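Okay, so chain A shows up in both of these, paired with chain B first and chain C after.
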Partner chain A sequence: MSRARTQRVESIAAHAVLLVAVIYALYPLLWVVSLALSPEGQSEPRAVPWPSSPSLDNFRAVTGWGDAARSWLFVRQLSNSLVVSLATAFTAVVIATPTAYALARWDFVGKNGGMRTLLMTQMFPGVASAVPLYLILDALHLLDTRSGLVLVYAATAVPFAIFQLRGAFLAIPVDLEEAAMVDGATRAQAFLKVALPAARPAIAVTSLFAFMSAWNEFILAATFLGRESAYTLPVVLQRYVGEYNTQWGAFAAGAIVVSVPVMALFYVAQRQLLSGLTAGGVKG
Partner chain B sequence: MQRALKLLLLVLAVVLLPACAEPTPPSVIVWHHYRGKEQEALEKVARAFEAETGATVALLALPYDGYGAKLEAAIPRGNGPDVFLSPHERLGTYLANKLVTPAGGAFPDEDLARYEAASVDAITDGGTRWAVPLATKCVALYLATKYVQTPPETLEELLTAGRAAGKGVVPLAYEAHSAYFHAPFLHAYGGKLFDGKGFAMVGPEAERAAARVAELSRAHDIPEEPSGDLVKQMFTSGGAAAAISGPWLAADLPPEVRYTVVPLPRIDGAGRMRPYLTVDGAFLTPQGASKERARALVRYLGSDASAKVRAAEGKQVVANRAVWGEIDDPVLSAFHEAGTLAVPMPASVAMRATWVPAEQALRKILRGDATPAAALAEAKARYDDVMRPPPPPPSPVPVVLLMGVLLLAGAIFAVRRVREPSFRRELAASVPAYKYVAHAVVTVFVLVVLPLLAGTATSFFAGTRDEPRYVGLTHYIEILTARGQPLLSHGSFYLTLLVTVGWTLVNVVAHVGIGLVLGTILSRPLMRMRAVYRVLLVVPWAVPSYVTALAWKGMFHRQFGAVNAILAAVGVEPVSWFSQFSTAFTANVATNVWLGFPFMMVVVLGALTSIPKDVLEAAEVDGATRFQAFRLVTLPLLKPTLLPAVVLGSVWTFNMFNVVFLVSGGEPDGTTDILVSEAYRWAFARNAQYGYAAAYAVIIFGLLALASRVTSGVGKERGGAK
Partner chain C sequence: MEEGVEPVAGNRPRQSSTASEDTPLPVPAPRSVRCEARGVKKAFGDNPILRGVDLDIPEGSFAVLVGPSGCGKSTLLRLVAGLETADEGTIHLAGRDVTELPPRDRDVAMVFQSYALYPHLTVRDNLAFGLKLRGTAESEISTRIKEASAMLGLDKLLDRLPKQLSGGQRQRVAMGRAIVRRPTIFLFDEPLSNLDAALRAEVRVEIRRLHDRLDATTLYVTHDQVEAMTLADTLWVLNGGRVEQKGAPLDVYERPASRFVATFLGSPQMNLLEGKLEREDGRFFAAGGGIRAIVDEDRFGDALEEGRAVSIGVRPHDLVLAKGEAPVVAELKVELIEALGFEAYAHGWLKSSGPTLIARLEADDARSVKAGVTVPLTAAPTSVHLFDPESGRSLAAS
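Let's turn to the complex of A and B:
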């Protein structure tokens, strides 16, 4: 078989695999879309769901279309979600990166114990940590503030971020930094100017992860926030789940609205994700 | 770097902006969980109260999920509301946690004549009135006008009329497996769910009621596996001649559906079907009780003026008697009438633990897996087991002694190490590293480790948060001895552990496998439409899992699910997914793999891009095949980044509560529950035994910690490249 032909066959196979995966990924979402477009929030059971009379009523209801006060509130809640999630991603990465770097590059007293503790924190199911957290935030006077929420989310995301970034730093050859330091750079400069740019793809993945953990969380947000104008979107969505019944149409419409920014963010972040090699710094 | 710093300052400035302070604090703060029309009516009533008294009322609408948790966290700390609205059946929990005060001046004796007697009974406990009753909720019979014109006297008449409606129409749609909806049948035969002390759905009456429902199911008079949503959909689309549901269904029906509502009928050879009645009450918190305006507002909420607005605009079945003469809404009046025939739901804490065993029994009976007598006796045994009172408090001396010895040993060890000169040198050498880690240590300790330690501490206690009782290691002993049952008996710790381990293995293998394949394909440099594929493939991660998990559950529905529709198209018999362990487990796994593979794919993508291309080129020059290059070069280089994701992914899957809870819900019969869902049940569905749940959590933690030591954990691997 010629090389070109092998490549063609491979390319077709690759597309086939991806198509199957895309169908698996998107098929259940047809229901969500169909629910969102059905006026009464009921999707008829069919192999390919499509509402008999699609309408955007649910989207209007969720965003408060046509009612200035309500749509303003929705915009505020959307911006709360964005600010909280972006700040969470940022804070988590800022906290985790130097730690991950230290864990990857140096041996120090307490390193192994600390890493074990970090891993262990992930093992504890958080069934009942809402109340202790409430007490801590109360003591810090951070209840009902976005900063408090961001801190809690970021702290939860930090252990994973540290492990992920440490792995990335381990994969970066240490020679680069040593060369920089021979050239007169300080340790901190070597970290900031050499190691950090090389770890960009991992930082992008880690930020995305931290962003997502904050973006979809509602239990802690509902517990800590005391004003509707401070709510994040998941709390607003969860309001459609009632004691006896759930407004699935509105919930589904809201879920779609909520997921659009994430997809947009991912689309943008892809560039970061793939730029690891092209970022010239790695070659020294 | 300066740019990054500026960005950091900007973000912090935005985040740390003081939460825009309210100009003047409101005189009364009210929390509620109302939505839609009920919420609008409540807001209107609050505005009317403000106009009348000059007070300011701040209303906060909360999600129903987590409402109780928020009340429990906030009120004892003085951060709660002055007034909150809640269904009365949680009164027992509120009393146990001291969240409410007697209504007192908000409900003087002279107001007694205002309210329906049943509503007053519901909010009374120990001779004290604890709330002002606002509205009642119970189920009634919805009749589709095109199939049933005259209200049936008996269930049998209804079924005859329904069967005549034709093929494809179910005579009666309701959530047969739910104990709340089963209660009218139970009451018709003279049975009870709860007798004031414990689970009472046993004996000949309860068996006859269950047998009657099983008969309905076998005759296809009721739909299979009916969820509330399915009931609504069938009734709306003309697929059901009648439905049992509450006032909430009327709010959701489109205007073109013609229907009437009547109280539930009688059953031939038994009595009338009497549903449970719940009463929404306005409760005063300890903080609100001291405020005159809060008391005035609570009283006002029950008044005629308020009731009129709530009935006319909120479509509430108000508990105020005076307004019923003026209401000409037939649906509301029907629910009002149904309410007078209903049984007020017991409000004790012990009542709330009856739902799950009753539902498990009903599902078993409806599937034909057990006779009513056997299933109900089993449910009773399960309830009694769960509610077994904790043993008398042991002396705390052994545990304190143990902790003391451990602390002392730790201190001696630490002192001896510090005295070693080599250790001091190491410590001095570690100082630069500490500068890089100190802030993370502080944050993680305060916000992650401390709450976990607090959780661990609760595992030594039983009773309410307010009055904990020390029980020592009892919870641990109970769990590890399978509560005195055979080790692998139903719902035992060890059986659940086996399921959990299997669940974790299958999921992680699938996540990593799919993630690796997709990640590798997507990083092929010449791949077309890479960007589009990548975005489409992360969609499952982007959409909130609450709604997608339920979409999956719907896809596995026996009668209406897409999976069975697809199977039918290729000639496979429809599968009843949630009636066997193997299929229910498969459904859970399919959902969780769907939810989790995008994350792994993204991690692989990120890791692949850090691999220098020249290494792969070198391998190719050396004559390695593509597969060899992948196995010998790519995979080892992926290891440092992939390994933490795999280890943590396993840990998260081990504790993945959401999917199990939302998709199979433990079906059939709790067999697909994993350890963490068991812990959750102890905390929230079984008499709020937080201590027991915490002990479960600590054991889960111990197991995982052990597992990570046995398999070489994240901490072990050394150096990636060089």
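Let's turn to the complex of A and C:
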């Protein structure tokens, strides 16, 4: 067999394998889309995930289309999710960035112990601390509030953010900051004008992770939020799954609505994301 | 002095309000200054790096710190830059004690081995970075960037990011960033190590040319002896955290003060053989390991003593085929020939299984001498170096 022919066969085989992998990965998602577009009561299983009579009823139901009070509630819940997730990402990055920089650049008493403790906090599932966190928030009168949720989410996001950003700062050559200081910068200026911009991709990725973890979190939100107007979207979504009756169509539509902002964010930040994900792994 | 390049004293930019409110402004200094280090010691943990170094570089001089890895040369440079703090001793620039001052208040510029260009800034912004921090007026920044980019051929690169530049271009930008600052002293930390051999030779000449043009005091660190020999006005050879020898490059090369300096400078390395001093017909000979050479009595004087044990050093370059009346100092059994074109080096043994030795052959001789033959070698008395076998110091220095 000629070399060109062999390469062609290899290429076809590789694409076939990839096609199967993509279908395997996307099939459940296509089912979600299909369910979301199927009118209520017509969500019977079909081999081809496409509704027999596509309709936007489920999306209208989820967003409260045509019902001012329900629409307003949905907007309020959407804004809860957005505000809480953005505030979590912001708080986590603002706290983690200088901490990670200090851990990357200086040796001080308690550094290793502190880092080990931070790592330990990552070993416990969030739900394990639900009860103490509930009591703390109750004592602080922060139950049922966005700020309470931000406080809890940021506390869990900060350790991971610190580890991720520390890796990014370690990958930035110290020479850069030293050059800046010889050029006339103070330590703080060297950090703000040189190290921080160089770590921008990693900071973008860390923010995105913190945003997503807050955006998708359900258990703590369901525990701390009692008022419907205080719900975040994952809690709203869960309401469609009842003990005796599950509204699969509305649930699927809700899942898509919840996913859209995250997908948009990924799309916008994909370049930063790629370079940020590799930033820590490439030396020098 | 180049036209348009005024002394810093008369052209000192205003310090930006954010740069330095907690510390006093640096004292204006002349553009080219004397750099002195006195009794400088530095250790990292239990590991002493500098064990008491004195350095004195006159205004406008090009000083090269050279030595093997770990000898403390880069640490000394970083101490002058203010990037490290001395455990003991002082550092003076233009007579001003800067030992405790942060780098930004020393008015020094440094070119790093890695170039350390700010990756998120264009070449233009890299050049302007230090000037902006010091609150220099935009028009002045623009003038200086024009001057430096014309000097270094950076005109077409000004809007590029560092990642879009080749190694040589990055190196030039790093130098440009130092030049626009018009510092009192230039510090170079092995700036050519990351370049290929051809480019290294080219940039080396550029650096020296630039120094001659700017007439600024320069402190240059390298482990490359060719750079050290070709660039320096004064060579400072460091070993184990101490200054082993200083002087004009040729003086240091021709009259090494110790066995270390003798073997560190010069390629191929100086031949060293253990032997003793002998006296015959009123003349001193250094003999041992298959070599017997007349000694320059004017150079070693009172240190010459019959029967004294010595380390005998002869550079391969000075050990050549004995022709005509030339006295034979050794017989070399040739093992292999390294032909370099314009000359060649013969590697071999003295006696049948004696110490190994390297000698120089003229290009013509290299064609006739083959591996396996034994050839007579000669060396001028002035090229024979004698060292104390225990201390390693040159007998000429004792």
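Keep in mind that, in the parts below, the second predicted complex is superposed on the first by the 236 of 284 C-alpha atoms of A that agree within 3 Å, B and C clash if a C-alpha of one lies under 4 Å from a C-alpha of the other, contacts with A are read in each partner's own complex, and residues count from 1 in each chain.
Here is the rule we go by: contacts are C-beta pairs under 8 Å (C-beta built on N, C-alpha and C of every residue); 3 or more make two chains touch, one makes a residue touch a chain.
Note that the coordinates shown come from a computational prediction; the quantities given were computed from them, not determined experimentally.
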item	value
Superposed partners chain B and chain C on chain A - clash or fit	fit
Which superposed partner A:Q270 touches (first chain B, second chain C, both, neither)	first
Comparing the two partners chain B and chain C, which touches a greater set of residues in chain A	B
Partner chain(s) touched by A:V182 [first = chain B, second = chain C, both, neither]	second
Contacts of A:P173 with chain B and chain C, given as first, second, both or neither	both
First (chain B), second (chain C), both or neither touched by A:V194	second
Partner chain(s) touched by A:R3 [first = chain B, second = chain C, both, neither]	neither
Which of chain B and chain C A:H141 touches, first, second, both or neither	neither
Which superposed partner A:M212 touches (first chain B, second chain C, both, neither)	first
First (chain B), second (chain C), both or neither touched by A:V32	first
Chain B and chain C, minimum CA distance [Å, superposed model]	6
Chain C-contacting residues of chain A that also contact chain B	173, 175, 193, 198
Footprint of chain C on chain A - complex, ascending	173, 175-176, 178-186, 189, 193-194, 197-198, 200, 284
Touching residues (chain side chain C, partner chain A) in the complex	18-20, 81-83, 102-104, 108-110, 112-114, 116-120, 129-130, 133-134, 177, 181, 187
